[in-house]
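Below are structures written as structure tokens.
Common to both upcoming complexes is subunit A, partnered first by subunit B, then by subunit C.
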Partner chain A sequence: MSVQTATSSRFRLFKRRTPRQPMTKAARREAIEGYLFLLPNFLGFVIFFAIPLLMSLYYSFTDYDLFNEPNFVGIKNYQQAVGFSIQPEAYQTAVQNNKSFIDAVGSMIKTNDPIFWTSLGNTIVYALGVLILTVPTAFWLAWLLNSKVRGMVFFRGLFYIPVVAAIVGVALVWFWMFQRESGVLNVVITGIVNLLNGLITPLGLKPIVDPTIGWLTDPNWAMSSLIIMRSWQTVGYNMVIFLAALQAVPHMLFEAALVDGATRGDIRAKIVVPLLTPTIFFVVVTNIINGLQIFAEPYIMTQGGPANATITTVYYLYQKGFQRFQMGYGASLAWIVFGIIFAVTSVQFRLSKRWVYEEG
Partner chain B sequence: MIGSIQRATRSQKFWLYVVLASIAVVMIYPFVFMIATSLKDTPEVFSDILGLFGAKLRFENYATVFNNVNMGRYMLNTAFVTICVTVGQIVTSVLGGYAFARLNFPGRDLIFRMYLGTIMIPFTVIMIPMYKLMLFFDWIDKFQSLIIPWIFTAYGTFLMKQFFQGLPKELEEAALLDGASRFQILRRVFVPLSGPAIATQFTISFLYAWNSFIWPLVAIQSKANYVVTQGLADIQGGFHAQPPIVLAAAALVILPTVIVFVLAQRYFVEGVATTGLK
Partner chain C sequence: MNRKTLWTMLCLVLIAAFVFSACQPPAAAPATQPPAPSGGQPPASPAQMVTIRWRTRPDNQAEQDVYQKINDDLAKQLEPQGIQLVYDPAPVTGYLDKLTTEYSAGNAPDIAWIGGADSGNFTPKGVLLDLKPLADADKSFNLGDYYDVPIKELTQGGHLWGLPRDISTLVMYYNKDMFKAKGLDDPADLAAKGQWTWDTFRKAADALTDPAKKEYGFSISSWWGVWGWFVNSGGGSLFNADRTACNLTDPGSIKGLQFMADLFLKDKVATPPGVEGGVGETDFHAGKVAMMPNGRWMTPSVRQDKFNWGVVEMPTSAEGKKSTYLFWGAYFISAKSKNPQQAWTVVKLLTSADVQAKIAALGTNIPSNKAQAAVDAFLNSKPPDDNTPFIKGADYAVGEAALVTGNWGDIGAPYQTAMDNIFAGKQSVADAVKQACDTANPLFKK
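Right after this comes the complex of A and B.
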């Protein structure tokens, strides 16, 4: 089954009914057995998925706070999260304070919950950042590992190890590598800078200044650091998916193309990439879905700081729901995240019809 | 780079290995750093962060993790929860996968489509009501909350269904003629043939259960019932000035999954690869 058929059928929940025929004894027996086999699974699905899902939707329209009965408040939570008002007088003040035009226009928009917007922006930047860093790298790695050379399975395993490591543990290891003073990354950068300065200062060039990056303490860097870390952790996952797809491409295709005088670049661009578009599509969608749910890294490494630079929507949801017990509001945030995931996936499926190659 | 296309010449091979080995260093270094730091003492870490060895190997850091922060208890808790979740998931997905793959009953396709739909919905959407549900069952701060809701897995059921569909129909027809019941067929014919699929499902459940964090954080409150990831977050708070202790604890959390992965690499990779291909 391809990804495409899996989902196009997902959107068509109700099948046209065929006229029902009376069941034979054997068919009835089979049906009963079917229900019995499915029962443990189905009970779990209803109690621990379907019911919470409906409750969550209901809570998102209430002021539920865990201790009191929920009161229905309509769309107030959603309004609080995504709502904003325009305040024209702020424009005048900004202009009088010699702000630029764009800043002045920006200052007119007053959001009801600025932290939610910050968290949403951070989360989207994070998901896209990881996507951009890992997808091309993973594809390239898979391409290399698909060589007919000994030892490729070994390297595949090695590159996959970060995927199986607990995120909380990985976050702590990187926390110590990211330290501004005496962290691994800055010590290595200092070493390289000193080395280069030793080479260029005798030539009369100005020495390079050691940047001493505050990986987790500089608001301009903190999110990038989390993106780098997650990219390191997930590139092996994407690579394995690409590799499996590459291995499914018949080798004869390459050989035939080579005989016809195609260059390697041609083969990659005109045969391999088109054949792999369903896989690329799958990887992009799963990476976005996973990226939008980031929680453990900011929780462990930055607590959302510095200056809310790494607060993410799920982390904000956790704070609202489980630290301040605004569970109704938390539920509405969860549905907004899901709405975005759903929208991204649907748009991707729409677009995929244009760029995904389907066989047959 | 040669990549997928041709047989490699000797110099191409050489450069391929150079590139792959350099990437391998980047991928493995954080683990090396973790182990190296966990065997130093704190001043050694700050004076020579890149050094692989301090004056001596200080295994006592691991003893501190076990004695002062009760990591052993957290590991036992997690192992118990992980085993229950993994076995439970395999049982329910084998039964459900078989029903979806081989039995006809009204509503089957509708239910299956609903299952598929759930894969896209993130856990955070149901987290808040799930907490309420745990309060209702009185499972807050108990292992039940980490086990029972997780025994159902749409993804695992899907995986087993796909696998069972690939097995020849004649297998069970013969057994049915011999008068075997469906359950006997599943147990005696299908399960013995599904070793690789079950192993794949095992690796997915195992990783998920051992590494999970946000739900235990919400559902478990007393330290005696902590799982490893929670214990680790807690240690970071208590020992934030002592990286060797923190990273010794991190190693204890990370290494079990890495070891299982090294032993059963094939199944880990197969699970991922098939989802991408299907």
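Right after this comes the complex of A and C.
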């Protein structure tokens, strides 16, 4: 083997590194200054984020109750959270009780912690609900506000105000708005129903029954109420992001499309939306991540009720850890939530290659 | 000095500031300052003074002011004994979360108030001091000065975990004007004649309900203290005798809950219960609901209402069973208190008849001390004109359980879920309580 062959890249076991040039005094001083600039932030990161993160991972394998020394219990907490058993006899019982096939199959599965699965289901419903309500609305608002019409700056600010409002204040205001008897929403609905009844009853039609919705007290409505509230608060933020992306779309594309006879709908669907797919992807990913971490709304407004209709995974782990003194179990739930968010985000990134347009 | 050097030094200063601020000892500054030394006896020397920090959970500024005044008065009394008393109130929201964190960190106040049901979660954890040795060694102390119900809960397992600060029975608040407008008998008059029963209560609620005006005969907040009364009144109970199992499936429990469910779903004389936390009170304060069961703590807010109102004992069941709940809270001393003996002195003072009489005058709660002076101070705290229903209930009340055979948060959750499903009409009473007990029973320590 010749020296040339031996040193060719195909036969090299280790990448040859270019000899490091010794640092000049000025370069060394500059590097030190750079590290010193980074140091406060890095220390803060280590003390307030990294160390607590590693401690929570440790506690997730213990029976820590906040007051006494933690004892190692292995993966028991994780088994308690996600474990389940299959009970065929429950299926037989369900069939004998004339339950549907799905209910019967469901009754076979006995989870170790049914509340965890309920909270996970609620969290997913919430995240998807906010996403569906917020993203198209934000895009539509951004489209409307992306025009050089007088007063648009005012409206942009108006839609953004809820974003900067404190969640506690927002929750308390909506709490009163959602009141069944005296809340603004039901008062308006009652007014509309009375108005309509005033019009239709003289015609001999059956009057409309006032629904008097228990926004926070009816298990069928409670989660929807939280979704509405959160969507109201976050639509402005997403609108601003879409607005910035819309303003970056080159106008010459619009002009060229118009010259070619494209309608406004064609321009929106075939030019704007494809160009905005990176922004849409960003908005979708961040909204899902935020949605899966919902805590403040159920904590302030419903405490997870009624009938666990609004209990979410983060609120549940907070309950377990801080209110029921099962910090080890709460920590394991936190890591499970992290795993779920990580998996969902990874899948989204993989799928993005199929639909997100990237220049170059 | 060039710019780079200046920036480098600035970074070093910033880092030093972070490090030194993080290394400071925990702030021991009290929330309120102790009063200046009074005349009379010379104060103990600074070397002999110990600081006792104590905490309550005031619902409003008026209540906090009362406790601050009590602190100031007691501080003068305790100063010659070498005790510097500091009142450290905490807000209602997150009260227990804050206290839990402080117990975990070891810097909790020496004395803290904890509600009865919640105290059972703390007592087995070793964060609260067993006061029995201190009480046994104190010849001036008499446990019999307090009502039996909270003492029974506080002395489980042969310990003495705390001293009760106050009690409150569940009574029925009612809007006298609404009753008068409908020409109905006053519930207090019916109770005096022994005619205030489930039946007369239900009929009154029906007569007072007018959906067109959005007026209802009855309303509750959906928490265990209220639906628990229905359970007890029907002849059942939340737990079995030794509190190792759920007892909601008992026929008496089901009977009581069915009566409750019928009020909401069949008779429709009640607004659907509000979310736990007092929302159900809103309609009562608005004069839209004629009757509402609650504890004494609602009295200060009802005193602001613009209608005539009163209180009456809870209605008697069809079998003639009188029932109510006795809620209580107590002062507990931290197991890590550096001065347990002095803390004991303070706790005794805080629960003395004299101090409890001052708090009773506010109208918030009923003294836990049975001394006549304390009782008289409460009875004279008006309105309502007649406070005796609160006191009478103490004779037959079921006590708020300090559950040590399980975590009340974990066990109470399926109970509350069952009630939510019953109120929403999603499950029958029998199915709901069965599901609750199936979920809760494995959570009890046998």
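Simple rule for what comes next: the second predicted complex is superposed on the first by the 338 of 360 C-alpha atoms of A that agree within 3 Å, B and C clash if a C-alpha of one lies under 4 Å from a C-alpha of the other, contacts with A are read in each partner's own complex, and residues count from 1 in each chain.
Definition applied: a contact is a pair of C-beta atoms (placed from the backbone, for glycine too) under 8 Å apart; a residue touches a chain by one contact, two chains touch by 3 or more.
In this text, all values refer to a predicted model and were calculated from it rather than measured experimentally.
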Contacts of A:237 with subunit B and subunit C, given as first, second, both or neither: first
Touched partner set for A:101, first subunit B, second subunit C, both or neither: neither
First, second, both or neither for A:44, with subunit B first and subunit C second: both
Contacts of A:72 with subunit B and subunit C, given as first, second, both or neither: neither
Contacts of A:174 with subunit B and subunit C, given as first, second, both or neither: first
Partner chain(s) touched by A:114 [first = subunit B, second = subunit C, both, neither]: second
First, second, both or neither for A:302, with subunit B first and subunit C second: second
Residue contacts with subunit A in the superposition, subunit B compared against subunit C: B
Touching both subunit B and subunit C, residues of subunit A: 30, 32-33, 37, 40, 43-44, 47, 66, 182, 322
Footprint of subunit B on subunit A - complex, ascending: 1-3, 6-7, 9-10, 13-15, 27, 30-35, 37-38, 40-45, 47-49, 51-53, 55-56, 59, 66, 141, 143-149, 151, 155-162, 164-170, 172-177, 182-184, 187-188, 232, 236-237, 240-246, 248-249, 254, 258, 264, 267-268, 272, 279, 282-283, 289, 292-293, 295-296, 299-300, 314, 317-318, 321-322, 327, 330-331, 334-335, 337-338, 341-342, 345
Residue ranges of subunit B touching subunit A (in the complex, touch as defined): 1-8, 13, 16-17, 19-20, 23-24, 26-28, 30-31, 33-34, 37, 46, 49-50, 91-93, 95-96, 98-100, 103-106, 108-111, 113-118, 120-133, 148-152, 154, 157, 162, 182, 186, 207, 210-211, 213-214, 217-218, 228-229, 232-233, 236, 243, 246-247, 250-251, 253-254, 257-258, 260-262, 265, 268-269, 272-278
Complex contacts: residues of subunit C adjacent to subunit A: 4, 7-8, 11-12, 14-15, 18-19, 22, 96-97, 100-101, 103-104, 121, 125-127, 214, 222, 271-277, 279, 282-283, 286, 288, 407, 409-410, 413, 416-417, 420-421, 423-424, 426, 439
Subunit C-touching residues of subunit A, taken from the complex the two chains share: 29-30, 32-33, 36-37, 39-40, 43-44, 47, 65-68, 114-115, 179-182, 214, 216-220, 301-303, 305-309, 319, 322-326
